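As written, the chain order gives the labels A, B, C, D and E, with residue 1 at the start of each chain.
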Amino acid sequence: MGFIALTTERREAERARRPPVLLVVLGVLGLAVFAVPFIGLLSRVPWTDLPELLSSDLVTDALRLSMVTSLTATLVAVLIGVPLAWILARLEFPGRSLVRGLVTLPLVLPPVVGGAALLFALGRRGLIGEPLNQATGLLLPFSTSGVVLANTFVAMPFLVITVEGALRNLDRRYEGAASSLGAGQWTVLRRITLPMIGPSLVAGLVLTWARALGEFGATITFAGNLQGRTQTLPLAVFVALESDRDVAVALSLVMVVVSLAVLVALRERWWKAL
Amino acid sequence: MVEGPLGEGLEARFELHRGDEFRLELDLAIPPGRTVALLGPNGAGKSTAVAAIAGLLQIESGRIGLAGVTLDDPGAGINLPPESRKVGVVFQDYLLFPHLTVAENVAFGLRSRGMSRSNSLARAADWLTRLDLAGLEKRKPALLSGGQAQRVALARALVTEPDLLLLDEPLSALDVTTRSEMRRVLDRHLKEFPGPRLVITHDPVEAFLLADEVHIIEKGVVTQWGTPDEIRLRPRTPYAADLAGSNLLFGRATAGLAQVGSHHIHLAEHGIDGDVLLTIRPSAISLHRRPPEGSPRNMWETTIELIEDLGERTRVRTGAPLPLTAEVTAEASTALGLAEGESVWLAIKATEIGVEPGDGRTSSS
Amino acid sequence: SVGVDASTSATDLQGEVLVSAAASLTDAFGEIESAFEEANAGVEVILNLGASSALREQILEGAPTDVFASADTSNMDQVAEAGEVAGQAEIFVTNLLQIAVPAGNEAGVTGLDDFAHEDLLIGLCAEDVPCGEFGRQALAGAGVTPAIDTNEPDVRALLTKIEAGELDAGITYVTDVLSTEGTVDGIDIPAEDNVVAEYPIAVLAGAPNPDAAASFVEFVLSDQGQAILTGYGFHRLDD
Amino acid sequence: MGFIALTTERREAERARRPPVLLVVLGVLGLAVFAVPFIGLLSRVPWTDLPELLSSDLVTDALRLSMVTSLTATLVAVLIGVPLAWILARLEFPGRSLVRGLVTLPLVLPPVVGGAALLFALGRRGLIGEPLNQATGLLLPFSTSGVVLANTFVAMPFLVITVEGALRNLDRRYEGAASSLGAGQWTVLRRITLPMIGPSLVAGLVLTWARALGEFGATITFAGNLQGRTQTLPLAVFVALESDRDVAVALSLVMVVVSLAVLVALRERWWKAL
Amino acid sequence: MVEGPLGEGLEARFELHRGDEFRLELDLAIPPGRTVALLGPNGAGKSTAVAAIAGLLQIESGRIGLAGVTLDDPGAGINLPPESRKVGVVFQDYLLFPHLTVAENVAFGLRSRGMSRSNSLARAADWLTRLDLAGLEKRKPALLSGGQAQRVALARALVTEPDLLLLDEPLSALDVTTRSEMRRVLDRHLKEFPGPRLVITHDPVEAFLLADEVHIIEKGVVTQWGTPDEIRLRPRTPYAADLAGSNLLFGRATAGLAQVGSHHIHLAEHGIDGDVLLTIRPSAISLHRRPPEGSPRNMWETTIELIEDLGERTRVRTGAPLPLTAEVTAEASTALGLAEGESVWLAIKATEIGVEPGDGRTSSS
């Protein structure tokens, strides 16, 4: 493992320890689980045709839509998922275990079933969707909002569960100290609680965003697949796979590169500071 | 020192539980401009009291009022949140926010109360300089030494100019120089500070220097309170006696003779009969190689259990029949050739023995 | 070999035969599996149901498959081009398109012309998917430019939405409409506009059990097999 | 919000605070995202036919296989994912950001593409699969091990990212204290590090297991859909969807109930202690 | 007290950096059976020294050896991991494991070294009882008071019977009674303990009582070391003087007259010329309302800046021309009617002034 510098971050005087060999071996094995398929993917990329394959309208539309919907879904997840995590971690109420279980629902359901469940509930003929449609004319399926909803449904559990775990780990006396300094509950949340669970929050955000970006099954089932409106990158990949593997592989590469670029850039700017 | 009417100070009379075993019953009133030191053994409930007054723990009954405003009154359903109490707290383990720099930590209270970022940082820098922390503004708390961290906690509490100060062992981690410096800073600040102040400390010198009044709390109950001199001269519990550096004996007096265990002690005071507390200052006990002649009415032979060398003075703990602590000058100690395990004669003038009527509560503790 | 009584000819066959079949063949091949196993006691058929494209990838990457039954010729062609087909692929059934509407047909769809209505919610299969390609051919033949709201990646996804009433109409296969058992109504497309979809089947070059595989393909092509398939709405080759 | 007891856990004297209304409202909105589709699903369950639908071989086979593979995948993820998280959190080496990005790969890739990538790498013709097959005769596609691998690939990122976040949040001086008490690096890991990040570890495990249980796309592509061998519950749902939607909905319900039961049981026994 | 050859004790001579600004240069040797107290201002590097010796920080150069074994020697590439050093540490902020009970915390070291669960818990319970913590075995550290937590930390370090003890302010959070009790426990344990021990404290009494030798470290450098008496009687830095409770003046002597600032002080000692350190015990300074008559050669009028009431004694800080601290009996203070801001005469006998040749290092600090 010669390439691993045997130092840990930041503090110069901190003791550098040789990490246990078995741990490193296992970790490298873990890495292999991700690296090997990636290499497999790379090995099938039609490098010469790549520029042509990627310059189509289809790709740019799908890329734009994917970015918009996945980021919006992440934002929505933060807005309503962090409060939900807070409630689960901090309030005691009957049925809390059940609610916690419910949060894992989208993980367990095959996304296609999740999408169908969304349809049953919020589709044109859905339990809530029908009255909603009649009252407001709002129709979620086949709309970009529908994509955002499907993404949120599938991806939000990652944020909720990660943040809840971190909140339960936090020493609450820091929050008490902050409130004794005059900080109201919102200020405490914004300036103490969330920053203190920073790394876990970021981990949750990364998971959420990545999951939303890659979301396919619920989206196609609930929101359909129309270029420019509901066709995100994974949908484009799936359709392409039907006919031409090269296109599908090329598109997948785009997704991987985009997400790597975003994550690495974020980390350089933001995560490092934590 | 401006002292206002009690209604404008702190009135804390309440009860609460912690876990299954611990119960705190506090009854404390501090007028504005006065400093009360809260002392007591570990686990007595001092930090609990601070947390309750700051609004971080829920009292079960009673009332806490500050400057005429009721902060807590479970009976009346009043329960002001911590951020609405203008209380400055130094926590025993500081609780500095690990993700904020030293300056941001200190500025936090000001910012929370609406001051602009730049103004609050300027004020924070000001206080950091006053507490000799200039240069550390940009550090994260994890990179501070223990004493530096404690001073930051102090700055963070003082900068908000609260109505009430609660200081939980604010100087325990400071080095001697800084401590006496800080004690002076604190003393000056406390004198300028118009509100009531509560200081927790284990250092009697600190308590006696800073406080106008000392409250002693043991096992969740206030066992004695009074001016520093009252505590020092007439401690009523073994803990208070340790604090005062005094010897405290519980006995039964009859006509100027007190029975302590199976031993008898002559008193100058003949007026008090029944349960008594006897206090004997260590320096009032003299030690001799041979039975001393002359006036001391109380003397007996005993063994030296422990010798502690305090520099100019030497502290000697003696054994049966009555364990006492005596203090002699270093010269006397050398001259007498004291050593642990040796036997020695001990003498106490009856006039040097303080006598107080005992009460059930104290002697039962 | 069509018409041979398979029930007596292959009794000495042994082992597993792994059949990768398009998902739309689920029910029909389920029945064929039972019938074939009954006729060949020593053989166990293992069905591997999935999207034709996914099955294709598995075969191209060397998954140990005996038989490939695709819902379109394009995936079979790609497999054949890679040299994975033993002998030649054969078309074993055909399928016709039908307009699918939610049960009750609330929107009152009558024919392909309605696909141009902007205010109806219209879904097709994606262009690259056979049913999408054929559907578009049919529409083009009828001179209709559809106002599409979604291009579903497969028939199943399209049907789910029609079943749920989310779409007012779509174009699927006759067999698919039949499989919903009444939750979706079918409206026939006139023969002149309709397109015939062909389903190819083949024994694979890398088949671990080539004899049983050949026998299975034979069985599918046999009268017994064809009878089962037509029971699910497929058309015999000779129709 | 009358049903929310306004107390926080355990310590009796701790101050009970009325949670900010907006936070509760947002949290309930977050909950709705999960509850509404669940109700939609419930509304379509063929309750009367349920016992019959669920008693088939297909269902019991799939359930058994799902439990075995999802739990094995979780175990594997712990074995190699926790070390990987540890390495990412604790060692500095060139390309660490890249490795971190790689870990999110399975989230971003549509699972079907992920499955294809696995085929490219580990299929019989795959980069590694080919030599592996020739050397050992091992063939992952169409095998239960293939399912476990696909599950691991898709689900492990949740564990790695959650645990890494928590490790970065941990005050390392506790580990120093433990080693000064004579604990070797393994003991420290087992008795200090992992227990101290307990809640986050559990959160990661829950996410991982649930994701593995619900995994569909990569499994069907990489491992195929063979009853009793690789057909897990989500794949059975897929097959059922082709033939009988009622069965599909009933199966989905089984998945939800099973996962809820497991999670609630786990929490009662185990999480609560944390 | 068994004292062995130095090679078998602790030898720590090393350098390291912390952050950009702080650099520690330590040179310390503790033979087996001896206790060294490490004292110094906040941020001087005491905790850093502990961490380095325990193996938690990487030294940059030098060597740390214990009982003849080299623990650290970057030059030779030797760097023993912490778990292979038999070192017991009490950390300044305890670092009790929050997820383990008190008993499990104390048993942790034994279990890590292979003792069975039940045996190690039994031993832990033993030590908990010894440190007066019985009944808290099953508590989580978060439910302890500050002083209870500190004692648990002490128990955790002592139970493993290490080769070396490193105690970083082990008694700072204890109440007076417990503290003197613990000091005794510690003193007894230290005396039984065969290895070298390093105690960090800010309490001079504690240092002088527990230690055979005192090292003073300031800004990362050892500025003075010696026996408690040497430090007490001849402090060489202002910090050490504060520690000793002494006055320290830097001056230049010529023929029995020392110039300190612009002021001249008469010395009894005529033999030392050049830079000198003058030490004056507070009790050697007498205060008078009028110019005193008689022998004192040094006297001047000054103002009282601060009066600190220590009970039997009163400490008085005077202002220009030379700020000094005097200590008089409480009676004398009352008799003189001392009050802050008033002027007073101050007298010091030349014979009471300690004179030491100064050296560059000390006087520059």
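Heads up, the rule we're going with is that contacts are C-beta pairs under 8 Å (C-beta built on N, C-alpha and C of every residue); 3 or more make two chains touch, one makes a residue touch a chain.
What you see is a predicted model, and the numbers here were worked out from it, not measured in a lab.
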item	value
Number of steps on the shortest touching-chain route linking subunit C and subunit E	2
Smallest number of contact steps required from subunit C to reach subunit D	1
Those chains which touch subunit E and also touch subunit A	B, D
Leader among chain pairs (count of C-beta contacts)	A-D
Interchain centroid distance [CA atoms averaged], subunit B/subunit E, Å	22
Centre-to-centre distance between subunit C and subunit B (centres being mean Cα positions), rounded to whole Å	88
Centre-of-Cα separation between subunit D and subunit B, whole angstrom	55
Shared interface positions of subunit A, touching two or more other chains	15, 17, 112, 116, 119-120, 126, 176, 185, 198, 238, 241, 245, 274
Numbers and ranges of subunit C residues touching at least 2 other chains	54, 57, 160
For subunit E, residues that touch 2 or more chains besides their own	18-19, 55-56, 81-82
Footprint of subunit E on subunit D - complex, ascending	173-174, 176-185, 187, 191-192, 195-196, 198, 274
Sites on subunit B touched by subunit E in the complex	18-19, 39-44, 46-47, 92-93, 143-148, 151, 169, 172-180, 184, 202, 204-205, 208-209, 228, 232, 238-239, 242-245, 281, 283, 306, 308-312
Complex contacts: residues of subunit E adjacent to subunit D	51, 54-56, 81-83, 85-89, 91, 95, 97-100, 108-109, 111-113, 156, 160
Subunit D residues within the subunit C interface of the complex	112, 115-116, 119-120, 123-126, 129-130, 139, 141-142, 220-221, 224-227, 229, 238-239, 241-245
Residues of subunit C touching subunit D in the complex	18, 20, 23-24, 26-27, 30, 46-50, 54, 57-58, 60-64, 156, 160, 163, 179-181, 183
